[in-house]
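Both complexes below contain chain A, partnered by chain B and then by chain C.
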Partner chain A sequence: MKPFSYQRPGSLAQTFDLLSEYGSSARILAGGTDLIVGLRQQTVDASVLVDIKGIGEFLPGVALVDGHFVIGATTDISRICEYEKFRATFPALVEAMETVGSVQIRNRATLVGNVCNASPAADTVPPLAIYGAMVNVGGRDGTRLVPVQEFIQGPRQTALRPGEFVLSIQLPVPNAPLGVGFARLTRRRGVDLATVNLSCSIDSVGTVRFAFGAVGPRLVLGVDRSGVLADSGAPAGDRDAALANLIAGTSPRTDIRGTRDYRSAMLLVLGRRILAEAASRLGSGQP
Partner chain B sequence: MTDALPVVLNINGLKYEFEVLPYRSLLDVLRDELGLTGTKECCAVGECGACTVHFDGRSINACLMLAIEADGGSVTTIEGIAAPGEMTRVQDAFLEHGAVQCGFCIPGMVMSAEYLLARNPHPTEQETREGLSGNLCRCGGYNRMLKAISSVSEESTP
Partner chain C sequence: MTASQIGSSTRRFGGYERVTGSQEFVADLRLDGMLFVKLVSIDCARARIVSVDTSAARGLAGVVAVVTSDDLPQPVPRFGPVYKDRPILAVGETKYHGEPVAAVVAESKDVAEVAASLVAIQFEELPAVFTVASALDPLSPLVQEPGLRSAGTLANTNVLSEQVFGWGDLAATEADLVIENDYCFPMVTHFAIEPHGCMVVSSSGGFEVWSPVQHPYLLQAILADLFDLPLTRVRVVAPDPGGAFGGKQNPKFEPLLCFLARMTKRPVRLILTLEESFQATRRTSAEIHIRSGFSRDGLLCFQDIESNFLLGAYADIAGRVVSKSNYLGCGPYCTPVARIRARALLSHTTPSCAFRGFGTPQVAWALESQMDAAARHLGIDGLQIRLMNLAAKGDDVVPGDVPADGEWAQSVRKAASAVGWGEPLAPNHGRGIAVGIKSGATTGLSYSTIRLLFDGSVTIYAGTSDMGQGARTIFAQIVSDELGVPIDQIDVVMGDTSVVPFDLQTSASRSTVFMGNAILDACRDIQLQVRELAAELHGTALENVRIEAGGVFISDMKVSIPEVVQASLGRLRGELIGNGTMRRTDIANHPLGGSPAFFEFNCTAFEVSVDVETGEVSVIKHVSVGDTGKSLNPLQVEMQDEGAAIMGLGHTMMEHIILDESGRIANHGALDYRIPTSKDLPLSLSTYSIENADGPGPYGSKGVSEGAILCTAPAFASAVTEATGVVIRDLPLTPERVWRAMRDGASDSSKVE
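Presenting the complex of A and B:
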């Protein structure tokens, strides 16, 4: 690795000072599972790492505050998955989180880091968007909440402005019945990046929302309010046409993980599958 | 230029105090500076698990953690997984089942197996596979490892 210096601020104020002092040559270090790889492979350049794990204001773990789960920037994925209430509230997100890397990676990698890495193939992003996740961005002048699908603006591009970093992710506890599904396709099971990943929700009035990942420079969202996708008894042809209509908003590429046509075809197959899962979860009262 | 920073680490029950350059990984320090070469370097990007150690009781890739980040914590490496001169049940079972071919992945495999069994003493085969999914064996010797781990699970009280 190229030499860099290391700072471990003890407070948010000190962190903002460091970010304004070092500007774009500083990188935030939390879990490090993407950052250290980037530094070693020299795809990331940094002269200072600002380790945020010593910030006193960050609460460990996951907190439930005013109907929202708050996941701090230093909370690793394994830790989040240990909370039973969280697992029961966001099962599709937990499925996605448990596909990230390996045990060793999830014991270090943070959910916030997965979002900030802004990979178009990030598995947690489609379900985060479907559950209405907001990214809590902190700066010297205060905080602002940005929906996750707006926060990630393209490959490796986020809505962060100079001097800002992400403090937490907020997930609203659904206040009405909701069923959510998640699926991903990989070349092999286990530790691999997604060829496609997607999540969908069905609510009690028949609105269906889809989020498609790895099939465009940023997340592709679609909504069906016709009730056809929510109705498992509707003719299969009508349902496929409605789903294809949503998939038409994607722009998959051909690359090492699959061709454009293959990705589109798999979105339809997996889309049907997670619709069934979301419907079953809606029926069982589990989100 | 960047300066070395002081680090205090408990490694295998012993307290170490040393100075480290901030861009040295925990793996670099364990192997090159402390002579604990049981932990292996292979891919160096967190894919193969050869460098698996336990940090504050949790399994991690030592190649993806800076030594300076570990300051104040506790590390267990393969050298410290059993008392000196002894072996754990997992290590014994790997021997009994001939689960070692070239051996390079084995320290990491043992660390992952120990971590899995400590949290889930009776894993299903699928859970064992998931637990070891961050460890690659280039010899392809997975089946005997699974049998070895399964034998340890069976002999402990459910």
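Presenting the complex of A and C:
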């Protein structure tokens, strides 16, 4: 590992000062589960690590504010998964979060970090997008909210501007019945990176939304308002055609984790399965 | 007197330390004033080294030396367990991805790493050999210069060795069914959890070397030869390896570290990363073409096998992997006629070496899959075709060599009943069964010394490496029973060539049989001394004194061994020293240099279910049955079987090293090279032992450490075939590969005559 210096600011103002002082050579450290690996493997360059765990303004854990769950930048994934109300409100996101790394990793890794890492295969991103998550970006001049699917602009690329970092993620509590599903395909059942991952929602008027991960440089979203996908009684061929129409927006690649045609085929297979899951959750009144 | 330890699950020696993390592995040890070494390699497999600029690295504070092959004695020394083909550092060109071109020595690990990244190497990529086809192509570049090879017609090829085994007249043999297929077994890495590494101190004319090496005495001999030193000037300390699986048998970077210690006059240390371990050693991959002849009722008529094993750039011990596994290429069957042509091929890839199973999983993948192909074509059950061809005890498996040494059908029947063979199956479920045999060690030499101390406690000296198999425990159990010593009053000293007598090696599931017999022999030596002392003490003849169950019987009187020792040695105290030997020497003109000391036989059976939409396979039941002769410690046998079985699932379901077009490892590291985790285990994994006390080891035991990995793949694949109807002949059976086979309707494509 190359040498770097370490700063632990106590406030947001100090953090912004450090970011403006060191510019792009500074990296934010929260859980460090991606950052430290990158430093060790010399895929990430940083001369300064700014540890944000000492920032006084950050609320620990998860807060429910004005109909939104707010997850701070230092809240680890295990902690989020402990909140019963959160689990009941976002079951598909919790499923996705519980596939991130291992228990030990999730005890350190933050949800915000998983988003900021901007991996096309990040498992939390499809359900975050489906649930309408907004990324709360802070800068010296104030904050701005960016939808998660716009925040991640490509592999390792985010909408962060110089001097900014992410303060929290906001998740709106659904104000109408919603059923959401999540699935991923991996090469083994133990800790693994997704070959594909996807999430979908069905609402009470029959609108179906899909988010596909690991099948393009950034998240691929699709909407079906025809009602066919929401109608479990519709002919299977029609439903597959509608799903295939959404999948057509993806651009999977062949790499060592899987080939293009396998990924495409699995989007259809898993898409059918999570539609059924989402419909079942909608029917049971669980989001 | 103590309760018998043999046959009981005596608690593991060193187990507490391993599970609490207090055991010190080589990487945990620190030497005063030590320097840290980092290897420098290039991002290419075969390349001409145009220039190496070390100035920036040398200029970094804390860097003590940056060494290339120019700084070594010329010509650069080469070493190896069989062929002296591996240079200390790459000379002129690199032969595989990761071969070190330079080594940085620095005051800290971090400085060494940064300095390594500052070594600027100009190179020119050269045409290279990465596949069996390319290695066999006479137009391909030579991996090794002919001058390095032993003289002969092969020196100008990439064929390291070629052997033909067989019996009977193949041309004159007819069969009702002839099945012909090609099978592939991938490159696999050992993935020991303990990283490879070593430390060296150069002192008055010699070296002290710390290495988690399986064969400390071989390392000692190679270093003594390389530096022209007497054996006494090379001390190898071998702390218990944290898993080795064959990958830590032979020297890799110990010779380099010796040079660096000598140059810097400081202790030096090199601990490889997991990624560097991928580049240090691997399992030998194979492509096997096999023609099998059967009568219409399923009896074997012949096997005609052509095995091409792909070795790396240096031979290590891999030539032996090829010959030993292919010698038993026809498996545990009565095969009337056979021809096995086995080639060991050099390539510009990671040097391959021994790996648990020593080539047998590769051969068994092809052979056992053929048995299933024949069974399908003949409409015979997979269990039946095996039982009808299996060698009975005393039958030849290789005519003229030692015959079958176990009641192997008992293992097969046990596995079949445990997996529920023949019971109704749910949709998309299937079962498979397969068998395998591996030759135990053919030759060997193990010495043991046992000191029976004045109070009756015992120190055992054994040169075995306890790398997780539990050798210490087994040795202590033997001594406990033979000398009547409580198990907690026994120490087992291993891993120091300056203290412990010679042992040839820890490999081939040999230690229970070879070192175990040496220890038994040393116990007999002590027992004789005790009888002599007792006879003298009681004024009786030697034949009136006998030792049974660790107690001394003088006519009808019974006393303990310590009572005899203490009464005899008296005020000056002292101890008894016993020595034991197990020696198995070469057999002239034997193709392997010697007959198998025993066969390691295993039968594995599976029930799987397949997700026919994704290709994911779930293991419902995994059964492994070994012919152990006598399980000296049943729990340790179970642990060995479970470990080997799960390791077998790795190369069966997910493990394979993927090379890119430049011969670089594309899935280099834990992120994209997948091994089974606890979540990938079978829903049920059961192991059983068949014990007929028919082995050559103590109390009728045989070696057991490799059995459960031998035929995992064919049994699993057979179950997948029953579940899906598709036949796959390339490992591993990844979800995508199973899905693709189903999509393409890859039913049995055997070439059939």
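Following the convention adopted for this analysis, the second predicted complex is superposed on the first by the 287 of 287 C-alpha atoms of A that agree within 3 Å, B and C clash if a C-alpha of one lies under 4 Å from a C-alpha of the other, contacts with A are read in each partner's own complex, and residues count from 1 in each chain.
FYI, a contact is a pair of C-beta atoms (placed from the backbone, for glycine too) under 8 Å apart; a residue touches a chain by one contact, two chains touch by 3 or more.
None of the values given here were measured: they were computed from a predicted structure.
By the touch criterion defined above, A:R140 reaches neither chain B nor chain C.
Legend: residue contacts after superposition of the two complexes on their common chain; A:S5 is shown touching chain B, with no touch to chain C.
Contacts of A:L29 after superposition on the shared chain: chain B is touched, whereas chain C is not. Of the two partner chains placed by superposition, A:R225 touches none, neither chain B nor chain C.
Legend: residue contacts after superposition of the two complexes on their common chain; A:G258 is shown touching chain C, with no touch to chain B. Look at A:L185: by the touch rule set out above, it reaches chain C but stays clear of chain B.
Looking at the superposition, the partner that touches the larger set of chain A residues, chain B or chain C, turns out to be B. Applying the stated contact rule after C-alpha superposition, one finds that A:K85 touches neither chain B nor chain C. Common to the chain B and chain C contact sets on chain A are residues 1-3, 190-191. Interface residues of chain C facing chain A in the complex, by the touch rule stated above, are 110, 113-114, 117, 613-614, 653-654, 658, 666-667, 671-672, 674, 676-680, 734-736, 739-740, 743. Interface residues of chain B, counted against chain A in their complex, comprise 1-3, 5, 21-23, 25, 44-47, 49, 52, 58-61, 63-66, 68-69, 112, 115-116, 130-131, 133-135.
Those residues of chain A that touch chain B in the shared complex are 1-6, 8, 29, 32-33, 36-37, 39-41, 49, 51, 53, 78, 101-105, 107-108, 190-191.
Against chain C, in their complex, chain A makes its touches with residues 1-3, 42, 185, 187-193, 195, 256-259, 262, 265-266, 269-270.
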